[in-house]
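In the two complexes below, chain A is the common chain; its partner is chain B in one and chain C in the other.
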Partner chain A sequence: MGPVPSGYASGADVAALLVLLTEFAMLRAPQLRSQVRLYAFQSLVVVVLTAVTGAVRCHPDLYILAALSLLLKVVIVPALMLRLLRELDVGQLHHPAGGGGGSMVLVAIAVSVFGFFALRSLGFHSKILPTATLSVAVAVVLVAFVLVVLRSDVVSQAVGFFSVENGVSIVSMAIAAGLPVVVEVSFLFDLLVAVVVFGLIMRAHHARAGTLSTGALDRLRG
Partner chain B sequence: MHLVLIALFVVPLAAVVLSYFAPAKAASPVSAVAGIASFGLCLALVPAASAGTQHALGTFLRLDALSEVFLLATTFLYATTAVFASGYLHISQGAEGQRYAKLFWGGFNLFCAAMVAAPIMNGLAALWVAVEVTTVVSALLVAIDGTDEATEASWKYVLIASLGLSLALFATVVMYYAGSSFFAGSYNLSFTNLLSGASHFSPGAVRLAFVLAVLGYGTKMGLFPVHTWLPDAHSEAPSPVSALLSGALLAISFYAILRYFQVTEKTVGPGFPRAVMAGFGVASLLLAALYLLSQRDMKRLFAYSSVEHMGIIAIGTSFGAPIALFGVLLHVLAHGAAKGTAFFGAGSVVRKFGTKDMEVVRGGASVLPWSGTMLVAAVLALSALPPFGIFRSEFLVVEGGLSSGGDALAAVLVVLVTVAFFGLSWFTTRTMLSAPPASGEGAGAEEVPARGEVSIWIVVAMVAGLAVLVLLGVHLPSDLASLLRDAAGQILPGGAK
Partner chain C sequence: MIAPAGVQALQVLTVLCGAPLVSGVTSHIEARLQGRRGPRVLQPYYDLAKLFRKETVVPEGSSWVFLAGPVVAFGCYLIVPLLIPVLTTYGLPLGYMGDILGGGMVLALGGFAAALAASDSGAPYAQLGASRAMTFGALTEPTVLFVVFIVAMITSTDLPYALAATVRSTSEAVRPSHVLVAAAFFLVVLADTGRIPVETHSGTLELGMIDEARTLEHSGAPFALTKWGSAIKQLVLYTIFINVFVAPWGLASSGKVVDVVAAVLSLLGKALLLGVVFAVIDNSFSKLRLFKITEYLAAAFLLACLGVIVFYVGGA
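The block that comes next holds the complex of A and B.
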């Protein structure tokens, strides 16, 4: 592999930053529908990054991955989630940010800074993507965890889980580009199965509790 | 031998298809036959696994002594749980009952198929996929009864376990990176590659991968502080599912951690991975021992006992002495048999008394003369009393700890296990060995259940579990002992090839 072309490198950094900013937007999104759309946009950025990396780095495998990701993460998963929201007729939550919106963002900024520098200190080198992209991808994973922990509705928690996968897939592109494509595809397939199961359980929860909030999930303690 | 290995992979999958499409009446015998056949096939593989590494379907399937130990635990529970579930389930006649039977047995077999597949997958990526399949299928099985509690438990389970597994996916990617400079170019994460190249991997990346793997798979294994889904899912799932979760699934997750342990030990030496296991083990054991003292729900009690035993297993792994590792692997087998039997007994109590609240259940052993009594025996086994297998395995773990300079840790282990014993035996004797409530006592007193067993199949499954426990405790078959010795050797530094 030659040195990273400068135009491509800055493009990759911008893409990773876009993914991270989308994650922050998801933290604050008051409407569940807009959160799902943000996830679709985030996945689209990852798909474009995958395809461009495939072209620049001559990794034709990445095209297959990009095509499948486009189908699954940009089209099918958001469509399934939006259909679920339409059927349950809930798009708006009364208390979007369970733990206070401002402090949520502060926590997210703190963990993303931590992720950024922690990864730097490990000294990982990517032959495919600039190192900064890798650090930002790790920050994406951490902020997605903050999203799952602090939002108090099941849809945000599910979307948070899906976007953890977006972060991991950028990391995987950066440091494990040689990972056989069949492996990556089985990861994706697995995501689809998870989406279906998440959907079924969300439906069951809504049918019993009449809400998507996790406030009703407080029976099991100790 | 290759055909046997392939058959073991295929039989549970065939049972998935059959139990879903065949008439609902046929589903439980089909599953029981598939379970018993899988256990038989697994026993037939013991000599081959001791002889060396076996491959089948190219290099897709791989069997060595270490995988065989976990296969034994899984297939034994598959067989006994299928028999138990035939007696435990009450399928109603209508269309709803048919639908429930199809979903339950289809999911049951798929869950077992994924757990059987996990230890014979050749590589960390395929292993991850198998473990993730176990998560999504078992989450649906936890939710299948459709109560508020079951829905809550399954949501917590699927969310927490999936997030844990996304860390395990991260670990897989980092492990790939760790080897990429040595293999230069594309390679796959097969154990053959990993174990041969591990000593040249990049140490920093391997350390990160190991910690991520322990956190990720540790979520499914029930290690503190990522165990929080476990008591809920184990207590709210139907009892057959609880038995599989506790006896087999936790073991499979430990197996995944052991694979990372092998590689890490080769790259950075045994000190680091042992310290990580010791930390998680002590924390889990401490938490579980304290929580065991304050439970009301019988299945929750057994769930915390699972956390306790996973803590013992993690601590035993950290000792690193061959005898302790032998004990750890024996513990995996014995804990599977004991916890399976305990949950079968709890299932019998739930069916008989209509509750698992230990403040309500009284006189269990006199109302349920067989399964109640055997439940008490299973709890004694879980508390590591002789003549049961867990006594032998914990003894070996402690002996290994004392012989390898882990005196303080071994002492902590013994103290905490004693605390756990107190909690387990206190609640069980109160519910099972007390006098049954006199009928008509007080105005709102519930009716005293009639004396007698719920189903003969529950008794059969429990007898099988206790028989194995006594066998493991009293006379370890020599083939099994040599298998465990080989498997323990593979976890030692320089052991695995």
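The block that comes next holds the complex of A and C.
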């Protein structure tokens, strides 16, 4: 019987797992809109984790980070994405082509297992967050990549990219919580730029192909 | 004081007599949530009494298997309460007869007997139900196995009593793997009792039927046994979920009469509470299409799988 984790450690683990499960839910979400909403929820969990970690570990600069991410990742980015979807009026996109049914989930499970064990063999130990949280965060990053690779629509690729950032922000909190606020904020600024770029790509792709699916991209054009 | 053997018999009796009550209350609340008046709470008992008085009709060409199936299944479902902590925190004499895997096997044997009886009837719908139940049963097995793995890793045994004791002793800190396992098992219970995301348990929509279709050919006393058996199976699964995974409190720690009576009441209360949760779920989701059920089961498997990994990696 292993040692029982403390209240904070198990709470952090559960939060990280919640982030990972949201990632899996995004993978299977039938509607683009619900994908964006799931992203907002995921960001909210990350924000709560950041704020609680700031309180427990006495890192007041994490509060600033939490407040900024709350504003940006929970409110502004999802709102922008939802507005874009409403403007483009794509409605319910058909289900992605690559890998139907549970096989996508199985691939993602395999990838996240790889992430868990790869990180374990590296032997990282964080003073801020429990080790399990760190490996779950790495799994979040990897599953987000699976999302980008396997789902063939522009919105999933954008949301996948954004949720990579969510995973990375947990990892950075675990490894270097004392990171200067300027660096953290520049990450968030990066995200804002990415939103603009992805917005442009989505508009351009929709204007050219009449759909948000990337399945239309493999047709040759003379 | 009640002797351990007496408590053990009482465990079986509680499940035997309480199961129709739990079904009755659940369906009553479900009807209320839908704005209907619903059947009386004791309706399942009246149904059983009526069915036991009715004559038994057997399809032409079916063998003794058709009549033996419900009896065997009923017996199997009654063996499981011997193995799990229904009323007590301490293991009873026969409680160490089998572990969680043993209990799972006995439950599966009951399902197998029911499927055999359905196949023996020769009726298309019954056979369809039996084959579907077996197919989806095979898909829930991996989840159940992973749940058992985690139980084994947390407690170093695979006795349900040991896990319940562990949960009781660590009330202030929740293990992440334990949360995941409980969630996975919840989904399995939902699927195994034929509740809404998988099956409409009260309807007669043939195309979506799984468990309900198996019993279509039965009548009279064997039909009463199948109905009673499925109510018992439901209460057994509820009991495992409550008393092993989620809330193993309120159990008797000794054989005192007061303790045991309190344990019976608390078990029924907790089961009714869980039944209310299930009724709410029943009313807030729609039934999945048959081919989407695999995705639902994949989600349950995902939870169990992550539970194992998180335990293995984080030691939690």
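The rule we apply is simple: the second predicted complex is superposed on the first by the 209 of 222 C-alpha atoms of A that agree within 3 Å, B and C clash if a C-alpha of one lies under 4 Å from a C-alpha of the other, contacts with A are read in each partner's own complex, and residues count from 1 in each chain.
We take it that a residue touches a chain if its C-beta (ideal position, glycine included) is under 8 Å from a C-beta of that chain, and two chains touch if they have at least 3 such contacts.
Keep in mind that this is a model prediction, so the values were computed, not measured.
Looking at the shared chain after the overlay, A:Leu44 reaches neither chain B nor chain C. Once the two complexes are laid over each other on the shared chain, residue contacts for A:Val140 go to neither chain B nor chain C.
Of the two partner chains placed around the shared chain by superposition, chain B is the only one that A:Ala209 touches, whereas chain C remains out of contact.
When both complexes are overlaid on chain A, the residue A:Ser10 reaches chain C alone and has no touch with chain B. By the document's definition of touching, neither partner reaches A:Leu62: not chain B, not chain C.
Of the two partner chains, chain B is the only one that A:Phe198 touches; chain C does not reach it.
Only residues 1-7, 9-11, 13-14, 17, 20-21, 24, 28, 101-102, 105-106, 109, 112-113, 116-117, 119-120, 130-133, 135-136 of chain A touch chain C when the two sit together in their complex. Those residues of chain B lying in contact with chain A across their complex are 125-126, 128-129, 132-133, 135-136, 139-140, 143, 146, 148-149, 151-156, 158-159, 162-163, 166, 169-170, 173-174, 176-177, 180, 185-189, 204-205, 208, 231-232, 235-236, 291, 294-295, 300. The touching residues of chain A, when paired with chain B in their complex, are 122-124, 141, 145, 148, 154, 157-158, 161, 164-165, 168, 171-172, 175-176, 178-180, 183, 186-187, 190, 193-194, 197-198, 200-202, 204-205, 208-209, 216-217, 219-220, 222. Those residues of chain C lying in contact with chain A across their complex are 154-156, 166, 170, 172-176, 179-180, 294-295, 297-299, 301-303, 305-306, 309-316.
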